[in-house]
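Structures incoming, each one as structure tokens.
Here subunit A shows up in two complexes: once beside subunit B, once beside subunit C.
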Partner chain A sequence: MNDTTRVIIIPCSGIGKTYGTVSREAAYEVIDEMCPQTSTLVPLSKLVLGDGAAQTAVAENRVITIDGCSLACATKMVEESGGSVNHQFAVLDAYRRHRQMKPRGISELNEGGLQLAHALATEIAAAVDELQGEENA
Partner chain B sequence: MSDPLTFTHDKFTFAVATDRFYSTAGIWAKAEGDRVTVGVSDFFQQRNGDVAFAEVVEVGTAVAAGDEFANIETIKLDIDLPSPLSGTILAVNEALYLEAELINHDPYGAGWLAQFAASDWAATVKTLMTPEQYYEHTKAEAQAEGS
Partner chain C sequence: MPELPQKKVGIVACSGEEIAEGTVTRLAALKVLEELRPQDTVTICLPLFLAGGEGESAFARFYPTIAIDGCDLRCAARATEAFSGKPAAGIVVTDIIAEKGFDPPQGLRRLNEAGQQAVQETADRTAALVDELLDKKWSRRNGTFNEETTSPVTTTSPVVQACACGSGIPVQTVEIAGRPATIIALPAIFEQFRGAGKGPSAETIAAILDEVKIYNSLNTEDEKAYRDMLSREYSTFWGAEEQVV
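This part shows the complex of A and B:
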């Protein structure tokens, strides 16, 4: 399967922000472990910089964004880059559903943050599978 | 609500509602008779980030000015909120338990936290800032943080 048929995952780029780190950890778990054959990551920074390949990827493929906060930079940049978002996830919403998983830390998440990233990754992987199912139907 | 006072610092614009009073902690209080509604200011909510959870002490609780009456957990901080007045809690905004983000979306309206039966509102007002004073206070804080 080539990259053009994979679901594009775009996490928050909030470096130095706990919720941004959770979004990226979730994205890595999806693309590396849960859906390695059906998803791939495009760094938000490439869209911000106007990278042509990144813009084409989001314009031509199904996209899942993971926003760290209500500014929703990942979702907005996809839309400004000519793409459309098939599923939007927010770390804060995930935390509200899993209050016992309180994230802390930046470069290294605490146990709650890692658990939250895993819970979020599980939800995202299900969305990837759903999109792939639609593609194959 | 009449037009708020506003100022812009960096990329953020802050609003100060002009129909209420403010504590230095960024908590507003608006009286209608002896019933006083309280919440957090626009500056407070923007500075502290998206609210994940908000909890207020139970209805019927007697609270002294300066005592913690609510806790807000944002994506940045856990914050215990000091009461701007003394009194008894008459009502809490239960909508916040399902939609804590109301504090961010509408801090001067639907995002209110609690209503008090004030012990002595006339005396309390003298300890709080007017909108104009709070406007200058937050401008100074914003500039100090940004410098």
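This part shows the complex of A and C:
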């Protein structure tokens, strides 16, 4: 499978709050461990810059965004870059579903943050599988 | 002078999630923000220049800003210049690694030792740049250094606590000559004048206009429209029923 048929994962790039770190950790878990053959990551900074390859990637592939806060930068940037978001995940929503997993830490997540990232990654991986199923149908 | 956010240096990291050097930028920026210069620095997420409001896009004009980039693409520096203001300084992690002869960093999620070395060096250099920039006089009107005049802003504690989800710069959207316009620092300026007991009058409005000019660019021909707007808005803010004449 080449990159053009992978599901694009775009996490929040926030560095000031723990939710940004959770979004990144979940994204890495999906692309490294859960769906290494069917997903890939596009950094938000390239979309902000207007990088042609990044814009083409989101315009021509299925996209999942992971937003760290209500400003939803990842989702907004995909839409402004000519892409459409197939699934939008928000760390805050995930936390509402898993109240026992309270994330703390930015440079390094606490155990609750890692658990929340894992729970979110599991949901995202299911969405990747679903999108790949539609692609192959 | 209004109680605007005190003079600080902005830090914008590329945060590039696909390369280890991007992780280095993120961790180095955090080290400066949280450990090395917590009182003197603020940050903003790069995407907020586009996804945020006027306050966010004014960031690099309001604060002398250091862009920390992971690679030669320099997303942080170029996007900051394109959508906010020219960064006062820039650091590229790959340049530091080459200069110091460090091994290439590895590990997007957990940096190896070489990555940790790069984080420390990048953070140290950024902190030194922060000190350097704080010593210079910054014009918030022009978004450039101004060595000729004294700084127009005497500042105290922040009105709005800056965080990564916003610039912390107070703004207000008003109508000028029938068109909406966002005025940087207006809420803080109004608050300051009301706090000083200065009610709406022609003299007060003229003084407020002088303050507004410090933080916003306006043409001479627009001054009357600004004066009208300030008269209307400050009267409302003050609670007066009649506008200044």
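In the analysis below, the second predicted complex is superposed on the first by the 137 of 137 C-alpha atoms of A that agree within 3 Å, B and C clash if a C-alpha of one lies under 4 Å from a C-alpha of the other, contacts with A are read in each partner's own complex, and residues count from 1 in each chain.
As a convention for this text, contacts are C-beta pairs under 8 Å (C-beta built on N, C-alpha and C of every residue); 3 or more make two chains touch, one makes a residue touch a chain.
Treat the numbers as computed from the prediction; the structure is a model and nothing was measured.
In the superposition on chain A, the chain among subunit B and subunit C reaching more residues of subunit A is C. Touch criterion met: A:L92 reaches subunit B, while subunit C stays clear of it. Of the two partner chains, both subunit B and subunit C are touched by A:C69. Of the two partner chains placed around the shared chain by superposition, subunit C is the only one that A:V42 touches, whereas subunit B remains out of contact.
Of the two partner chains, neither subunit B nor subunit C is touched by A:A127.
By the touch criterion stated above, A:T18 is placed in contact with subunit B alone, subunit C being left untouched.
By the touch criterion defined above, A:A117 reaches neither subunit B nor subunit C.
Across the two superposed structures, the residue set of subunit A contacted by subunit B and also by subunit C is 17, 69.
Interface residues of subunit C, counted against subunit A in their complex, comprise 13-18, 22, 26-27, 29-31, 33-34, 43, 45-52, 73, 75-76, 78-79, 82-83, 108-109, 163-165.
By the touch criterion given at the top, residues 11-17, 20, 24-25, 27-28, 32, 41-49, 51, 69, 71-74, 76-77, 80, 106-107 of subunit A touch subunit C in their complex.
Residues of subunit B that touch subunit A in their complex: 49-50, 52-53, 75, 100-101, 104.
Listing the residues of subunit A that touch subunit B in their complex gives 17-19, 68-70, 92, 95-96, 99.
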